[in-house]
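A short write-up of the structure that comes next.
Labels run A, B, C and D following the written order; every chain starts at residue 1.
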Amino acid sequence: MKLNINNKALSWIMKVRIDLFFLPFVIFLIVLLMVFIEPRFFSRLNISNVLRYFSALSFTALCQGLVMIVGGFDLSVGSIMAMASVVSATTMISIQSIVPGMVGLHILCGVGAGIIAGALAGLLNGTLVSQLKVSPFIITMGTMSIISGSVYLYTKGAPIYGLPKLLIVEIGRGRILNLPILFFVALLAVLILWFIMVKTPFGRHTYAVGSNPRAAYESGIKPTTIILTIYTLSGVLSAVAGLIITARIGSGQSGIGSNAAIESIAAAVIGGVSLRGGIGSIPKVALGALFLAIISNTLNLAHIDSKYQTMVLGFFLIFAIAIERWISALFVRALFGGKG
Amino acid sequence: MNSALYKIIHNSRRFEIAMFMGIALLLIGFAMKEPTVLSTTNILNVLSQTSYLAIFACAQSIVILVRGFDLSLGTTVSVVSLFTALVMVSLGAFSIPMGIAAGLLAGSIIGFFNGYCVAILEINPFIVTLGTYNILLAVSSTITGGFPVTGLPTIFPKLFSEISIIGIPIAVIIAVLIIVTLEYLLLNTVFGRNLYLIGSNPRAAHIAGISYKFNSIVAYILCSFLIAIGAILLTARTGSGEPNLGSQLTLQTIAAAVIGGMSLRGGEGSMMAPVLGACKRSRGILGAQSGALFSLR
Amino acid sequence: TNLTTVTAEAWSNFKVYNFDSGKPVKVDISPAEKASKPWKLYALLPHMKDGYWVSVNYGLVEEAKRLGVKLTILQAGGYSEMAKQVNQYDDCLSTNPDAILIAPIAESGLAAKIEKTAKTGLVQIGFVNPIKTAPVTSKIFVDYATKGRQTGEYLAKLFVERKGKVVAFPGPQGSGWAEAYLNGFHEALEGSTVDILADKFGPAGVAESLILVEDSLQAYPQMNAIWGGAPAAEAAIGAVEEAGKEKDMVIISSYENQTMVDFLKEDKITAFATEFPVMQGRIAVSMAVKALEKKKIPAYMEIIPQMATMDNIEDIDLTTVLAPPGYRPVFSVD
Amino acid sequence: MIKLKNITKTFPGVKALNDVDFEVNPGEIHVLFGENGAGKSTLVNIIVGNLAPDSGTYQINGQKIDCLSPKVARLLGISAVSQEFSLAPSLSVLDNLFLGREPTRWGITNKKVMVQRAYKVLNDMKVKLPLFAPVNSLSRAQKQQAEIAKALMLDAKVLILDEPTASLTDIEAKRVIQLVKDLRQKCVAIIYISHRMREIRALANRVTVLRNGESVGTIESEEITENTLVEMMTGKKAGSLFPDISIRPGSLRLKISDMNFSNGGGYNISLSVHSGEIVGIAGLVGCGKGRIGRAVFGLEPIKSGKIEINGETVTQFSPRRIMRLGACYFPSDRVSEGLCMNRPVRENITMATLDSAAFVERGFIRLNNESNSSMVCAEHLKVDLSKLETSVENLSGGNRQKVLLARGFIRDIELFIFDEPTVGVDINAKSEIYLLMKSLVEHGAGILLISSDLEEIIKLSNRIYTMHNGSIVAELMDNNKSEENILSCFFGK
C-alpha cells in the first residue's frame, strides 16, 4: 500500500514538472526554426528587442495571472498602464520645473507617483470586487472606462513630452551585461512573486481563495483581505508595465495599453492559469509572456506579409498550444502508460 | 405559505423582474427629464439598435453557458458581412437567398472550427477564439483588401432593415423570434438541458453519459450561426459588406450577458440575461441621448 | 480663454479644389456670416482619441461659436465602431436637426441612410473622410490616395542620387484609410529609385508601433527610409536612434499632429503631410450654415494637401492645422 | 463550555433551526442526531462561525459572542470536520492540512515543520495520504481522512465532527473513534454527528435529537437505545433496516477478466455479477475497490483485461457507450463527480435519463413526465418534495446523496454499480434505499455494491469480494461471509 501511494505522489510531481517543461520546449522549437529562417533573430539588438517587449508584457501577464489565480479578472490593466504613464510623466515634468537639475529625484518621484496611482486603482478594483459581489469582469470593465475616461479628459489625447533623458536613455534603452535593464527588472519581479506565491502563507492563501473561497473562509482566511491585496498588487504591476513603456517611448501617453487586457489574459492562460481560479504558476505565466513576445518578433522578422501575419499568429496560438498538450500527453503516456 | 410564496418568486426569476423594473423606472426618469426621448420613433429606433446587440449577446451566452467564450464574435461579424455581400454582388438572380446562405454557412464553419478546437483538441476557449479572432481579422481585411463591398441589391436592405410590420422594425421582430425560440429550446430540449448540466459540472455530466464533445461543438456552431444572422441583419442595415463591422462588439456582448445575470463559471442563466443586459446598455444610449438633447435646449 | 473669442476675420479666403465641374479647379472659399438663427447642427466623428480629431473638433466648435449656432458632436469611439456610428446617425435623425455634418468611418456604412435622408431635404455635409457617391449637400475632404501619392513623390525626390529602401507603416489593417494612403504611396514610387521593402500594418498606438519598427529595423537592415502614420513616425525616432541609424534615416509621416510639428522643428523627422483638419471643421460648419440660409455653395471640394518640411514649417499658419496646445475637446455648443 | 440558546436560522423558504438550545462541556461527547435535513450541519456551522444565526444567544465559557467568524472561532480553539469538507481542491494535501495557520520562519512557510507535524497526526490516525498530491486527485474517503487530520492539527478545546466516518470502513473508523475518546480524556469538548448507531452507542455521553429544525430532546448515555433514538428522530418505531432479498442469480451481467489498471496498483482483477444478485466489494480505504467500478465505467484507464457487460465486450470506454449497454455507475464523490450543484434537484434526478423515450420526444423533453417521475422518485427516497426546484447546493448532505441515487431508480438499468451509496443517509432513508435495491434485484438487475459499510455489504450481498492492495484476495459466499473473515482478508491474509 505504501508503494502505491508514494508512486502516486511521485507521478503527480512528475506530471506537474513535465507541464512546466513543455512551454520552454515549444519556445525552443520556435527559436530553432528561426535559426533556419532568419539568423538575424540572434543579433544582440534583436534579442534586446524581444526581451524588452517581454519585460512590459510580463508585468501585465503577472498582474493578470495573480488576479486570475484568486478567481478574478482584470480588464482595467491597460487603463491603469496609461494612467501610470500620464501621472508619472506629469509628476516628472512638474517636479522638473520646481527643482531643476536633480534628475534622479525627478525620476524617482515620477515612478513613485505612477506606482501609487496604480496601487490606488488596484485598491479601488479590489474593494469593489470584494465588497459588491458582482462579477469582476463587470467591475473591472467599469473601472477601465472610468480610468481611461479620466486620463483622456486630463490629457485630451495629447502625449506628455520632455521627460528626463536619463529615463529614456539609461533605463529605457540601458543595458547590463549586454541585456536590457528592463529585462532584469522583469526577472526580479518574476522571482519575487514566485517566491511570495510558493513560499509564504499569503501565497498559499491566495491559491486557496481562488480554488474554493468557502473552504478558505472556513479555514480562517479572510477572502476579502486576500482579494483586496491581490488587486492592489496587480494595480502596482500594471503601473510598472505602464512605466516601462513610458521609458521606452519617451513620453507619457494616454493611448497605451489598449490591447493589454486580452494580451495579458492570453499570456496567463498559455502559462496554464485556470480561468476558474486556484491554479497557475508564476514562472509559467512569465514563460507565456515570453512565448507571445517571441512569436510577435518571429512573425515580424520572417518577412510574412503583414496582412497575413494575424492569420499566422492565430494558427500559431491554437496549434502551439495543441502541440504542447499533445507532447505532454505523449510523455505522460510513455512514462506512466495507459490512455493518459 | 412562506415557502409557497418563495417558490413563486424564485421560479419566476426575481432577479430578472427586478432588472426589468429598474430599466422601466429609469425610462420613466428620462422621460420626465426629456419627453421627446419617449417619442415612438425614438423608442423604435432604440429598440432596433438593441435588437442587434441582443442577438449577439444571446450567441455569446450560449457558449458562456458551457464555460466557454467567443472572442472571435466581432471578426466573425465582419467576415460574414463581407461574404454575404460578396456573394450578393457577384450573383445576379437569387442573389439574396444565396448571399444569406453563404453568410450562414460561413458562420457555421467558423463555429465548427471553434468547437472542434475547444472540445476535441481540448484547448482553452479563450486561446482558441483569440486565435480565430486573429485569423478572421486577416481574412476580413484581405478578401476585399480592406475595402467595403458596395452595390448590394437595393431590395436587401429594404427587406431586412427598413421594413416594419405593424410599425415594428423587422430587426426587432427577428430578434424577438430568435430569443423566444432559443429560450424555448434551452428549456425544453435535451440539448439545452445538456448545456446547463455540462456548464454546471462537466465531470458529473460526463459520468451521467452526456457527451461533452458533441454538445460543445453544437453550442459553438449555434453561437456562430446566430452571430451570422445578426451580421446579415447588420449588413442590411448598412447596405454594404463591411470589413470592420463588429470588432468592438465582443466585449460588449460578454458584458451584456454578465450584467444580465449569466455566470462566467457556466451552467447558470437564461436567454433573458443577454437581452436584459443589452437593454441596460441601450438605457445608456437613451441616457446619452437625453443628455445631448438637454444640452441642446 | 482668449482662444475662444475668434471673429469672422479669423479665417479668410482659403484655397481648395472645387470639383463641381468634374475637374479640380483651385478656388478661394470664404466663411459664412453670422447665422440668422441658432440652427441646430449635429456632427458625427469617428473618435476623439488623438490630436488630429481634437483639431477637427476645435475647428467645428470655434466656427459654431463664431456663427452662433448650436452644435452637438457625437464620436463613435474608434474606427472599428461602424455599427455605433450608424446608430448615432439614427439617433441624430430622431431629434429633428437642421443639418448633419458627417465624417464617416466608412462611406459604405452610411451611404444608404444618407441617401434616404437626402430625399427629405435635410442639409448633410460630408467632411474629413471621403464621401464619394452618397448624395450630400456639400462635402470637403482630402483624397487619401492623393495624399499618399504626395508623400511618395516627396520621398522619391529625396532619393534621386542614391537608392531608397523604405518600409511602410500605414496603420491599422482593414481600416480603409490606411489602405488608401498606401495605394497612393505605392503608385507614386512605381518606377522610382525607391524600393518598398515591406508594408507593415499594425495598431495605431506609439507603443505598438515601436515594437513593429524595432523588429523591422532588424528584419530589413538595409532600410533607409520610414513612411507611416504619426504614431509610427514618433516611435521610429527612438528606435532609429537606438539602432544608431539616425544620421541617414528619412522619416516621413503621412499625417499631422502636434508631436509631428514639434519633431519637425527639432529636425527629428524629415517631413509630414497636412490636410488642415481645423479648416475642414470650420468649412463644414460654414457650408452647413450657408446652405441653411439658402446661399450658393460648392457641392464637392477637396483640400489641397501640403508637405510640411523644415524649410516651410515656419511659413505655415498652424492655427489652420492644429488645435492650440491645451485645447480641450468640447461636445456641445449652445 | 459552549452554550446556545433559542437559536433560529432560516434560509430562503426554509426554517432550518427553530428555537434550538444546545450545550457541550469539556470532557464530554455530545452527539447530534436526526434525519437528513433536520438541521444538524446548520447548527454546527453556527457554532464554528460559518453562518450567523438569525436570533438566539451564543456563549463560550460564559462569555457572550456576537459576530463570530471562522477565524475568531479558531483562535478560541474551535476546530471542525465539516460534512462536505473545507478543502481547497487544487492545493496539495499538505497545504490543506495547514490552511490558514501555516507555521512560518521569518515569514516563510516552514515546510519541514509542516511535513513533520502532518506525519505525526497521520501516524496517530494510522493513515497514509499522499501529502503532495492535490486534494482533487483523492477519493472521497481520502478527502475525509484529510479533513479529519486537518481538524486534529489544531490543539482544539472544542472539536466538532460532522459525519467524520461516513466513507470509512470500520477499521479506520475505529481509529477515529479511539482518537476522539483520547481527546475526551484530555478534557476537550466534542460534538459528534453520525447516522451510525454503533458509533453513537460507543461514544455518546449525551444525545440531542433534532427533528425539522427543532430540538426534540436530549438524553443521557444510559437511555440510548436504537429504538428510542429512531422514535425521537421520526416519531415512529424503528423497523428492520435490512430487507430479506431472495437471490436468484441468472444470466451474466458483468464479467471482468484479468484487468490491470494503467496507472498501476491493480493486479489481474477478475469478477462477475449476474442478474438477480448483489455482489459486494469490501476493502480498506485506498485498496482500489472504487477503481474497479470506475474502470468498468471508463473513468479509470485500464492496461489490459476484458470487460463484458450483458455479454458484450466493452470496446469504447465512454460512460455514454457503457450506459447504452445497460449499466449505470454512481460515483462516491457526490460533490465533485455526481451532482450539478447549481442546477435544480429535478434536473439532477433525470440527468442520466435524457435519452429514454419516456422523457424525450424528438429531442424535446416531456417536462410533465419529467416532473412527475422525479417527484415519485424523490418521494420514495424521502427527499423533501418542496425542494424539487431548488438547486442541489441548498440541500443537506444526506439529501444530496439521495438525489444522486435517485437517477438510478428512474431509468431501466440492468447493471448498477454503486460506490458508497449510503454515505450520510439517515437510517430511515437507508432502509428505503435497501428496499429499492431489493426490488431491482428481484426484477432481474445485477448490482455491484462497493462499500465501506461492512454491515451493509454483509447483509445485502450474496457474494463478497474482498480486496487488499489492489488485488482481489478472496471471494466469500454463504456462511463464509462473516465479519471476522472479511476483516482478516482486509489485511491480506
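In this section, a contact is a pair of C-beta atoms (placed from the backbone, for glycine too) under 8 Å apart; a residue touches a chain by one contact, two chains touch by 3 or more.
Chain labels with UniProt names: A = Autoinducer 2 import system permease protein LsrD; B = ABC transporter permease; D = Sugar ABC transporter ATP-binding protein.
This one's a predicted model, so the numbers in the text were calculated from it and none came from an experiment.
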*What is the shortest path, in steps, from subunit C to subunit D when you may only step between chains that touch?*
2
*Greatest Cα-centroid separation from subunit C: which chain?*
D
*Tell me which of A-D and B-D has more C-beta pairs in contact.*
A-D
_I'd like to verify one number: the distance from the centre of subunit B to the centre of subunit D, where each centre is the average of its C-alpha atoms, in whole angstrom._
44
_Cα-centroid distance, subunit A relative to subunit B, in whole angstrom_ = 31
*How many Å are there between the centre of subunit A and the centre of subunit C, using C-alpha atoms for each centre?*
36
_For subunit B, residues contacting two or more additional chains_ = 137-138, 141
_Using the touch definition from the top, which residues of subunit A touch two or more other chains?_
307, 309-310
*asked:* Going by the touch rule stated at the top, which chains touch which?
replied: A-B, A-C, A-D, B-C, B-D
*Write out the stretch or stretches of subunit B touching subunit D in their complex.*
2-3, 6-7, 10-11, 188-191, 193-194, 196-197, 200-201, 203-211, 267-268
*Contact set on subunit B toward subunit A in their complex*: 67, 71, 117, 121-124, 126-128, 130-139, 141-142, 251, 254-255, 258-259, 263-265
*Hey, which residues of subunit D end up touching subunit B in the complex?*
12-14, 297, 299, 318-320, 322-323, 329, 331, 336-343, 347, 351-352, 354-355, 360, 363-365, 367, 386, 389-390, 407
*subunit A residues touching subunit C - in the complex, by the definition given at the top*: 38, 40-41, 43, 45-46, 49, 53, 56, 152, 156-159, 161, 168, 172-173, 245, 248-251, 253, 255-259, 296-297, 300-303, 305-307, 309-310
*asked:* Looking at the complex, which residues from subunit A come into contact with subunit D?
replied: 1-2, 4-9, 11-13, 199-201, 204-205, 207-208, 210-212, 214-222, 274, 278-279, 336-340
